[in-house]
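Take a look at the following structure, please.
Per-chain residue numbering starts at 1, and chain names A, B, C and D are given in the order in which the chains are listed.
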Amino acid sequence: MNFLKLDPLMVKRLQRFRRIKRGYYSFLILVILFVISLFSEFIANDRALIVNYEGKLYFPTFKFYPMAEFGQMDEYGFDDVEADYHGLKTEIATLKAEFKDRMETWDGSAAELLESEPRFQRKDNWVLMPMIPFDPYEPDFSYDEPPPNAPDGRHWLGTDGQGRDVLARLLYGFRISMTFALALVVISQTFGTIIGSFQGYAGGWFDLYSQRFIEIWGTLPFLYVVIILTNFFTPSAKMLLIVFALFNWLGITYYMRTEMYREKTKEYCLAARSYGASSMRVMFKHLLPNCLTPLVTFTPFLIVGAIFSLTALDYLGYGLPPPTPSWGELIDQGLQSDNRDKIWLSMSPFAAISFTLILVTFVGESVREAFDPKQYARYK
Amino acid sequence: MTSPILQVEDLKKYYPIRGGVIARKVADVKAVNGVSFDLYPGETLGLVGESGCGKSTLGRTLMRLEEPTGGRVLFEGKDLAHAKGKELFDLRAEIQMIFQDPYSSLNPRLPVRDIVIEPLEVHKMGTASERLDKVVALCRRVGLKEEVIGRYPHEFSGGQRQRVGIARALALEPKVIVADEPVSALDVSVQAQVINLMVELQKELGLTYIFISHDLSVVEYISDSIAIMYLGRIVETGKKETIFSNPTHPYTRALISSVPNPDPRKRRVQVAIEGETPSPVNPPSGCAFHPRCPFAVEACKKDVPALESFTQTDDPRHNVACIRKDEIEPHFKN
Amino acid sequence: MPLLEVKGLKTEFRIEEGVVHAVDGVSFHVESGETLGIVGESGCGKSVTAMSIMRLIPDPPGHIAGGQILWKGKDILSMPDDAMPDLRGNEIAMIFQDPMTSLNPVFTVEKQLGEVLEKRFGLKKEGARARAVEMLEQVGIADPSERIKAYPHELSGGMKQRIMIAMALMCEPDLLIADEPTTALDVTVQAQILHLMKKLQEKVGAAVILITHDMAVVAETCDRVAVMYAGRVVEFCDVYRLFEETKHPYAFGLLKSIPKEGLTKEDSLATIEGIVPSLIHPPTGCRFADRCFKARDRCRSEDPQLRDVGDGHLTACHFPIEEGDE
Amino acid sequence: MLKKLLMAGLVVALAPAVTATMAGAVDVSSIEWETNMDDPMIGNPDAKQGGTWKTYMLSYPLTFRLQGPDSNDSFAGWNRAFTMDFTLVALHPVTDNFIPRLATHWKVMDDNRTIYYKLDPDARWSDGEKITADDFAFCYEMMRSEYIVDPFYNTYFEEYYESVEAVEEYVVKIVGTKESWRPLYDYNLWPMPEHVLAGGLNETWVQDHNLKFQVGAGPYTVSKTENGQRVVFERQRPWWGDDKQYFKGLYNVDEVDIKVILDADRAFDHFKKGELSYQRITTAKTWAQDMEFDSIKKGWVHKKRVFIDYPQGMYGFAMNLQDPLFSNKDFRKAVQYSFDFDELNKNLMFGAYFRGVSAFEGTAYENPNLKPYGFDPKKAREHLAAAGFTKRGKDGIFVREDGTRASFTLTYGSPGLTRHMTVAKQKFERLGIEMELLLLEAATAFQRGLEREYQMTIMSRTTNLYPAPHQYFSTEFLDTTNNNNIWAFGNQHVDGLIDIFRFDMDEQKRVSAMHEIDAIIQDEAFYVPFWQAPFVRMVYWDHVEWPKGFLPRRFEQITDWQVMSIDVEKEQALKAAMKAGKAYTRDEVVDVDGWGVKAKMMQAKGEASN
């Protein structure tokens, strides 16, 4: 769209934004983290990244390989359940060590091992696990104590009440929160902008009645609506997104409406109309690009709001359906009376959400400053 | 005498005043209240009045930027006031506007090239390269160098911006240009440049201007004929010379003598007129000027005086809306 | 000793693009009871000069970088901060271009006037009210005892400006600075307000600095004139001399570009070509040189100082206008 | 709690009544009265008397009424224990036989709905007045009165009682609306003090009695209140019931001091400080991990897990037999074998619970021979194959030839179960079955269950000593929804067995019919029992003493504070010991299994790890 083209004013604002170090670096960190989180499957997963087994390379990240593929068998004698990559890695390491031992004895038993162990035909087998070798769903009950287990070398941030890796859940939760927030912002901003623009541009009856409607709509209690809707619809990310969007578009209409009201009286708008430009052209080519300041400056704060609300809803249990990795759900676990002594459960999502929200807020403040620089003067 | 290019007949623009929750209409503001005049090709009509008199609204209503409440605007016989759709779209090309504020009249997000090319795009005139050629030519004509057309409005001074505005108005090759206070936001030295440009363009392209202004000295310079507005109505029209040498309506007289003279030796000692223009929301009865008029009589409070030909001067287009126009002493400029 | 003497005043504003030298070495003086016009085009620094005198430069981004402002011989710039409120209003009053924004919209006229009266003169409520009504009457507001109850938005622009004048003159200051007091007003009202100011000035005996861009207003009201261009005073003289024996090419061009009576479209208007130089990176030498029809090499290298060209007529030009220049 | 019991009874009573023969007028003097003085004593006759039982409630009562608005808060249990719990007869908490309470004798007439009760002439109200038959008639009248603003009692008495009559001063005649095979259970009643209440039963009764203490038949009366803070009950000594066989050794303390503590966690802290005498431990985590505090180590506080034997109700997964997937018995069995209870119990519940197996858990009708399915991937795989799921899809989930995936949605309403369900989900997934989780608001989840709008759900139903198989397994409810037959199960054979249970007067036949139903239900595999907790976990200070076996077998019939006693001397000694920091020998025995419940659980159902 036209307004995405960078005019010098926008370029200047962006330059100004870049100069505000705190906000700019926060923005970079957020973008980098978000991009990294888009590849979460390669970072936190209990499926190996790459397996080199008997001369063949496997990339199990998104593919199901049965145990049979790697000559494994589970305790019940099945080999078509999903391969155990942790186990495979250990087995290979053990076999290698044993082979090495036998080689040292020079008694030929090394060769025997090679022959007798069909799963070790080649010495160069290896398994590359992701940095965090756990996915956010699979419980790890390998500890003596029941979960939640405290942080250690295996689970850097410990496990949650169901033995799931907290770090993995934080990572996936970040991706979900950010994606959700961004999608929400795009949807509600677009919708709100269109409605608000029409209100401001058309004015008159449309404005009057839509404004009354927005005022009434705005008084609906969001949480109750969510609770009621969960009774009619299966709660899902899509449904939550729609419900959030239904309430979130209101805010921006106020600003777009006022901006439009103000801008449309400016003479360049009259000029465009005077040579017969259509209303759509006037609105979207001329007015909208000049009304974007609130849109841009509010976006970070909307993101903050969206992340926060989503976390709050998850915390209350009306958010994303289980077992979706979610910060709110982790905080809920952490704050349950059972887990009050398991501080990693509440502290890590708390730290994550604070960190993210602070970064977004820094970005927001800087964007606002960049778009609307004001110096506070005093008189002597 | 040639026939008028634009005939305005009893043009009205009322704004409703709304009240209550459902915004019911409770009254009207009669911003333009029955204005009629003829505009002849190649001439400049100076439309003069003080703030709130309706002159800008009149200009915008002529442009159909405001929907007229009543009356007709005939452009070469076609009624611009009631035209719709394609007809209106085509008529728009014939009559263009120059705006007052060189800062807000140009979209700050578009470079000059895009601003000037817009009307051509909207009217789908020529190919893309023809349009661009035309834009370059237009910019040159208004005194902008070709290399600046990629720049954005904020990189220009007020005078240059107004040139861009003029180029945009000329893009569609209109016959009539409504200039709404085109120089009042400019510094004096720049004002002269813009006025000179407008005059040159008029000579060259045979343009017809409606020049809306509150500045009598500028109007006196540029206009061929003048219409004086007071509270939504025209109170006096006539050739420039007639109006300045023989102002007849008491308001015209007051207005002219209120203008400070740029000569310290000709200081006035008396104030020509007391009081201020009343609010158009609640205008006085009868002749709207009567509360301030030194010649007012009882009858002035009753009826709205018609704009009638004033025969004491030899100007056939000299019309005055005053019931005492024939009794008032002739006025000569000091 | 002049009432007010401004010597080499420099006021700067720091903005993103750099430092704007809005006022760059301005000097002039005002005598008791006289009307000094400061005239110039937008951005020439005339309003900043006025604000500097009142020490009302918003800081940041602005600050006064140099010079002296001697008020009755004392330097305003070195006065302590807490002395300023007393000086403002009591000794120097100011009225602004936009009377719409100079009054507090949430208080009635009575309250706003009354506050000043109670503070400055220790009047009780009733006394203050009577005095306020009297003041309004003086500035020509009809039915003042009713009007005094009005809120600013209920008043017309002219009336508000009258009230501002009333407030400014209430304390009987020695100097009134009027910054474009009639620019926002209709021409008929402008005539009234200028007339009123003149009348009241005579009555109170105050000196006036009238800041305007309108040469005709200057001609109408001022005794002496300082013409400013790009942050500097280029001509400082008696009003008659300015109009009749203009020395600086800028002032000359300015006067010529006003459409004169009797000119027609056939005669093109005199113009000053070019644009005002940037105040962030002003050119060396004379700042008007690029637009000046008399400019020579010297003008571009050497900064002309304000000098007396006879009878106290000061101009900052190496080659002042002589008779016959067009 | 009482309301719940009444509700369960109501459900049972909806069964069509067998034609009743009207009992004609009976001469009271000719009645051959029955009684039961042969059962063992409930209390400990040697229990020490005196002391103060310090306990808590979660909120200060809004009212001291037991009927009408706001009358069901946490204080009401106490209030009821001294008033409404004094019914004509009671169930013996160990033998399940009826024993005298306010009535010394009773006679059930042949129509099985008319009962004569002979009152104990010693019985007195707490204000000293005699308790007479009129007080029962008045109770009947009052419970039906609109002035009490209590629709539950109004309806209940309207539907259950035909009449309550004072035949003589000490003889009450109750006629129920339907014939019953347990008339003493159905047509029991408590008295209301007519001499106190009769005058005031009008429009303002609710307001008038908001803050009036009940005059009751019980041994305690309110002696002190601090608004918003505490209520103290004081033992009447002497009390008319002191020497009655089934009251002896009960109600041993002089004072019951009930303090307001806003949540159970804080109450535990109060307990640790010695401000409460006793605390039930309701979470497995606390029991497993927070029980090594100082006072326990020093032997001043004892912890016990006391096994009791009380009907548990059905609790577990329910499958919708009308769902295409679950209509396949093999698939149902595959799910049964895929559910790893032990993993959940061990890792998420501290191994604290037992697996249920019977549909009639804890009642006399449960089939003792049933064994739970248990986690068995091999069998699960066999049944999956039999159900047509022979091939794994790309994502590891089994698919049929026609493309049907072994995938279903679990609908549930308790957020607390999410942790168990997500673990179970992972396990299912590994075995090739996909279970999507759908957490709904509790009421919605319940409603979807009743309307059979689910594939699998988690059901939880309370029961009493008499299960209601008709409600749950009868074909009568197959074609309608909104009933307890949420799985849409039923067949002729089971219907027949249910009728035996409902109408046959032979207890033995009833029991074997129920055993057969139980076995059929297990074989049909549409109910996956989840955990059971047949015990009370408690901690108490050393001076609190208990009868042998601690709590009666049917615990819910009589509560902990009624049977324990406080040894004031030991209390003094403990105080001194604590002051001196002197440790006692620690009582290492934790489990108290006076009724063989644990043994039975361990043997029949197997306990994961305990």
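Methods note: a residue touches a chain if its C-beta (ideal position, glycine included) is under 8 Å from a C-beta of that chain, and two chains touch if they have at least 3 such contacts.
Computed from a prediction, not measured in an experiment: that's the story for all the values here.
Asker: Taking the mean of each chain's Cα atoms, which chain ends up nearest the overall Cα mean?
Answerer: Chain nearest the overall C-alpha centroid, as shown: A.
Asker: Busiest chain-chain interface by contact pairs, anyone?
Answerer: More C-beta pairs are in contact between B-C than between any other chains.
Asker: Centroid of subunit B to centroid of subunit D, CA atoms only: how many Å?
Answerer: 92
Asker: Averaging only over C-alpha atoms, locate the centres of subunit A and subunit D and give their separation in whole Å.
Answerer: 46
Asker: Using mean C-alpha positions as chain centres, tell me how far subunit A is from subunit B in Å, no decimals.
Answerer: Result: the chain centres lie 58 Å from each other.
Asker: Which subunit B residues qualify as touching subunit A in the complex?
Answerer: Against subunit A, the touching part of subunit B is residues 22-23, 60, 63, 65, 88-89, 92-93, 96-97, 99-101, 104-111, 118-119, 122-123, 152, 154-155, 165, 168, 171-172.
Asker: Write out the stretch or stretches of subunit B touching subunit C in their complex.
Answerer: Interface residues on subunit B, with respect to subunit C: 44, 50-51, 157, 159-160, 187-189, 191-193, 195-196, 199-200, 202, 214, 216-218, 220-222, 254-255, 258-268, 271-274, 276-277, 279.
Asker: For subunit A, which residues count as touching subunit D in their complex?
Answerer: Going by the criterion above, the answer is residues 63-64, 66, 74, 76-78, 80-82, 137-139, 141, 146-147, 161-163, 227, 230-231, 234-235, 317, 321-323, 333, 337-338.
Asker: Would you pull the subunit A residues touching subunit B in the complex into a rising list?
Answerer: Contacts found on subunit A: 3, 7-10, 208, 266-268, 270-278, 281, 286, 289-290.
Asker: Can you list the residues on subunit D that touch subunit A in the complex?
Answerer: Within the complex, subunit D touches subunit A at residues 265, 283, 285-286, 288, 343, 346-350, 376-378, 381, 392, 394-396, 415, 418-419, 421-423, 425-426, 430-432, 437-441, 444.
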